[in-house]
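What follows is a set of structures to go through.
Same chain, two partners: subunit A is paired with subunit B first, then with subunit C.
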Partner chain A sequence: MSIEFNKVSYIYSEKTPFEFAALHEVDLKLSEKKMTAIIGATGSGKSTLVQHLNALLLPSGGKLKVLDFEIVAKQKATNLKALRSHVGLVFQFPEYQLFEETIMKDLCFGPKNFGVSEEEAQLKAKKALKLVGLDDSYLEKSPLDLSGGQKRRVAIAGILAMDPDVLVLDEPTAGLDPQGAVQMMSLFRELNQKHGKTVLVVTHDMEHVLNYCDEVVVMKKGEVYSHTSVKEFFQDTTYLDELHILPPAVVRVRQMLNARGFHVPADCFDIKTLCAHIAKEVKHHG
Partner chain B sequence: MKQIEVRNLDFSYDENTHAVKNVSFSIEKGSYTTIIGHNGSGKSTIAKLMIGLLEKNSGEVLIDGMPLTLESLQAIRSKVGIVFQNPDNQFIGSTVRDDIAFGLENHCVDPDKMDEIIMEFAKKVNMVEFLDSEPTKLSGGQKQRVAIAGVLAMAPEIMIFDESTSMLDPQGKNEINEVIRELHAKTKMTLVSITHDIEEVTKSDYVIVMNNGQIVMSGKPEEIMLREKELMKSNLDLPFSLKMMKELEKNKIRLSKSVTIEGLVDELCQLNSTK
Partner chain C sequence: MGNFVLGKYLPYDSVIHKMDPRAKILAMLLVLISIFIPAGYLGYTVLGIVIVATVLMAKLSLKFVWKSMKPMLFMLCFLLVINVFAVKTGDILFTVGTFEIYSDAVFQTVYIAVRLMLMIMVTTCLTATTKPLDLTLGIEDLLKPFKKVGVPAHEIAMMISIALRFIPTLIEETERIMKAQASRGVDLQEGKLKEKIMAILSLIVPLFVSAFQRAEDLANAMEARGYAPGQRRTRYKQLKLHFRDYALMLCSAVLLVLICVIAFVL
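The block that comes next holds the complex of A and B.
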């Protein structure tokens, strides 16, 4: 079981004056139970790509396999509802999709839609809310009375309540304060490591890619440009320059220091090792 | 000269959410001010109060000495441009071109000059090839570029950005920030940016830190960024250079305090060569 794109193309508004090809014959195989970052410039096709995973967009060409499901272009897709119960997709600004009177009702909406009983849905709702760090006292509140960051958590809990095997997040931390973003990314990492979920995160934040993900897929103009392990990705800075990617701060400092006579090794990826190394070099020099 | 003055501003969404509590500050004409604070700290609410999108409980907002009231609302809004975080909420035109034109039409810009202005700003934000696209079909970051172009094209005296580059890739964010800084230098407009980006804060003239509807600190970034305990208490992050400095101290290397990575690297290189 895995996720496999096979020459997948996607064209928006096909056969209209607004026709726009967003994906060109994408081949991509994603490993299960890994946390993978999808990065790339705005408009490179990241969101289009991930919206295929729960068949929200159907390919204009090619085919893809998600878990046990196969979706082939121009063929009537079946069993989409089952697929969607296995793949949870969290959009950009998911808080705009909250609509129920109470948080409890909002969280139960998804599970009930997939045929779960009222009681079970409520249990799932409580569990999901706890996962995102909010206690039961929120259940009877209106989702519309929360702050932006809290709304975001509730919206994500709504997807977690469906207990999907694959969790797809499109820029989940955009607009969150720094500590809120860290809590959110840690939650996804925990879901990945402790609960065995396959996690895909579309992000622009290289610090998040470095600190939380296993693999990284680079999208460029509707194509997969590269797919490597995170460590491999941040070692070769010439490649990052070529992609116009501003590396994470640790890598940037390493780059700047090495250009001016330091010898910090390329596999130094955290602030502690970096500083210990700098201290050694400076003292050695003295 | 003070261009924006906020005096004892107070606002509640309802009896449970007292979003802005007796806030006062002023912003100099032509300056670049950043406002930071955790989600729900009241930053966006203040921006909305400043242009009269929300009605205050009490207090005063003055723009160029003119109090914001129902009568002065139109005059004040013609001076102020604002870009919100989610651009979907502010698209009107059916194409990118129409959308940028809409603001200009409202400002009674000469129709003969309009095409030229639209082209100029579409170029600045790198969206020329999308002028005839539907705004709703663009990616999140592209939408933000269009929203920014639309407001900048109106050449407001005061420009407020509310997390308006949050969906751009880092390279795109740098590009857009560069465009904004260039325009700021050229036109002397007053720039207010609500942001979570600590590195952006280090580039501003003045920073206001909000927590729970109140201002907890304000001043020059190089002073504020050193107040670690208060920053952490407000759910904010330290600039990377200061995190490194603390870590280097554990390794018995003491540096003078620098809020930028460049400053820190310079100092380390000096240490490495002179010792």
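The block that comes next holds the complex of A and C.
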């Protein structure tokens, strides 16, 4: 049970004048029950990569193993529906996928497609809605009457109701207010730690990467540029500069302090330890 | 869906691409009229040669044109079936059981097929060589004389250009929603009728919602920038007729006359 990309390539509109290679022989092994961030500039192939995970895109070359399912390029893939019930994919701006008259019905849509009974689907729907922080009074409302942020939550709940083992999120916090974004990220972290789900997040927010994720995959021009733990990733700031990534605030402060003569160790990643280090050094000199 | 080629602009560099959209639209109309004149074998041979030459001049591959005709194949089969049942003149070609198939039925179908093919080739010549925006500019200019009798030329042109602008966007949107629903277990290919209806519903409702949302946003954005339909507007791009444009119009007029002569005099 794991996720393994083996020389996976993907070409859009193959054999037409508009041909475009989005992935070049990607090798990647994602750890189970971890929360992994996927970062990279726009057009680096992040979205293409994650769409392979539940076989919305089938590789043009190479092979790919997701849980017990194996997908090999140019072979007819079977049992895609079963794979999709194990891997939940939340698209960018998922609020567009809402369509039912009531939120309850919309939340039940996914589970019922995968053959869950009506009662069980309703139970799962209620549970998922609670997870995203909305109470039962919303169940009978129309999803189209909600505010943008609430729609986002309902759409994510629609995927959570399917109870997937692997949860893949493509920029889940884009366009949310900062508080809403923090709530969402905490929810995903909780699903990862308490419910043992493998979580993959495509994001541009380095603070989120630092605060919520275990590992980072950097995509560059359709290739995996690096795959490290979050701590390792933020230690070497020259490497971040090379990638044109603005590090999180804590790392930036550490960097500036060290440039001006402090000796804050590179494994300091939260404000409390940073403050403690500063206090210690100031006292030492004082 | 990305393979949908009918009406797609192809950015090549040819004489036809450089021509004025007004000249091209007028020429297309003239050629379309010639296609509708029943000019017999000789007439259609002449037209066919001229049109294929134009396609090649525009640097379009015949493969591309053939691709844009594919959606019509179904219609042609349908026509053939109707003609076989409806047309009962000419010689009996062959009989299937007690059912007789007449030569005129086949002849008529071939006739319509040839006309359709020529029409598609001509219109493809226009749409593949003219940017949608230039096309609407051309339409607006050509409709100007009719403004006096109350034809809202500018509004029509604006509507056409907005519609053209949003076709690729809507196709993209459809693909996105299809994928999103597929990851929620929707299967558009298989399943019972009830499931299929549900699947289509899960696609159409969000598509409508977002289309209306887009329309409203666009209307607001246009109003915010001071757009008012009736006002006099200046243009950045000024259309100007060159020698080649007059030549094109003259040639197509000559072609029309020639076809008329073949049809009615010979």
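One rule holds for everything that comes next: the second predicted complex is superposed on the first by the 286 of 286 C-alpha atoms of A that agree within 3 Å, B and C clash if a C-alpha of one lies under 4 Å from a C-alpha of the other, contacts with A are read in each partner's own complex, and residues count from 1 in each chain.
Keep this in mind: a residue touches a chain if its C-beta (ideal position, glycine included) is under 8 Å from a C-beta of that chain, and two chains touch if they have at least 3 such contacts.
Predicted, not measured: the structure shown is a model, and the values here were computed from it.
Overlaying the two complexes via subunit A brings subunit B and subunit C into a clash. By the touch criterion stated above, A:Tyr96 is placed in contact with subunit B and with subunit C alike.
Judged by the touch definition given at the top, the superposed model places A:Ser13 against both subunit B and subunit C.
In the superposed pair of complexes, A:Thr36 makes contact with neither subunit B nor subunit C.
In the superposition on chain A, A:Ser85 contacts subunit C only, with no contact to subunit B. Contacts of A:Asn192 after superposition on the shared chain: neither subunit B nor subunit C is touched. Between subunit B and subunit C, the partner in contact with more residues of subunit A is B. When the two structures are aligned on the shared chain, A:Gln122 is found in touch with neither subunit B nor subunit C. Subunit C runs into subunit B after superposition on chain A, and of the options 37-45, 109-117, 163-171 or 199-207 the stretch responsible is 109-117. In the three-chain superposition model, subunit A touches both subunit B and subunit C at residues 12-13, 18, 96.
Within the complex formed with subunit A, the residues of subunit B that make contact are 13-14, 16-17, 37-41, 44, 85-86, 133-134, 137-142, 145, 163, 166-174, 196, 198, 235-237, 240, 243-244, 247-248, 250-253, 261-262, 264-265, 268-269, 271-273, 275.
Residues 12-13, 16, 18, 51, 54, 56, 81, 84-85, 87-89, 91, 94, 96-99, 109-110, 113-114, 144, 158-159, 162 of subunit A touch subunit C in their complex.
Taken in their complex, subunit C has these residues touching subunit A: 2-3, 173, 176-177, 179-187, 201-202, 205-206, 209-210. By the touch rule above, subunit A contacts subunit B in their complex via residues 12-13, 18, 20, 39-43, 46-47, 92-93, 96, 145, 147-150, 171, 174-181, 204, 206, 244-246, 249, 252-253, 256-257, 260-262, 271-272, 274-276, 278-279, 281-283, 285-286.
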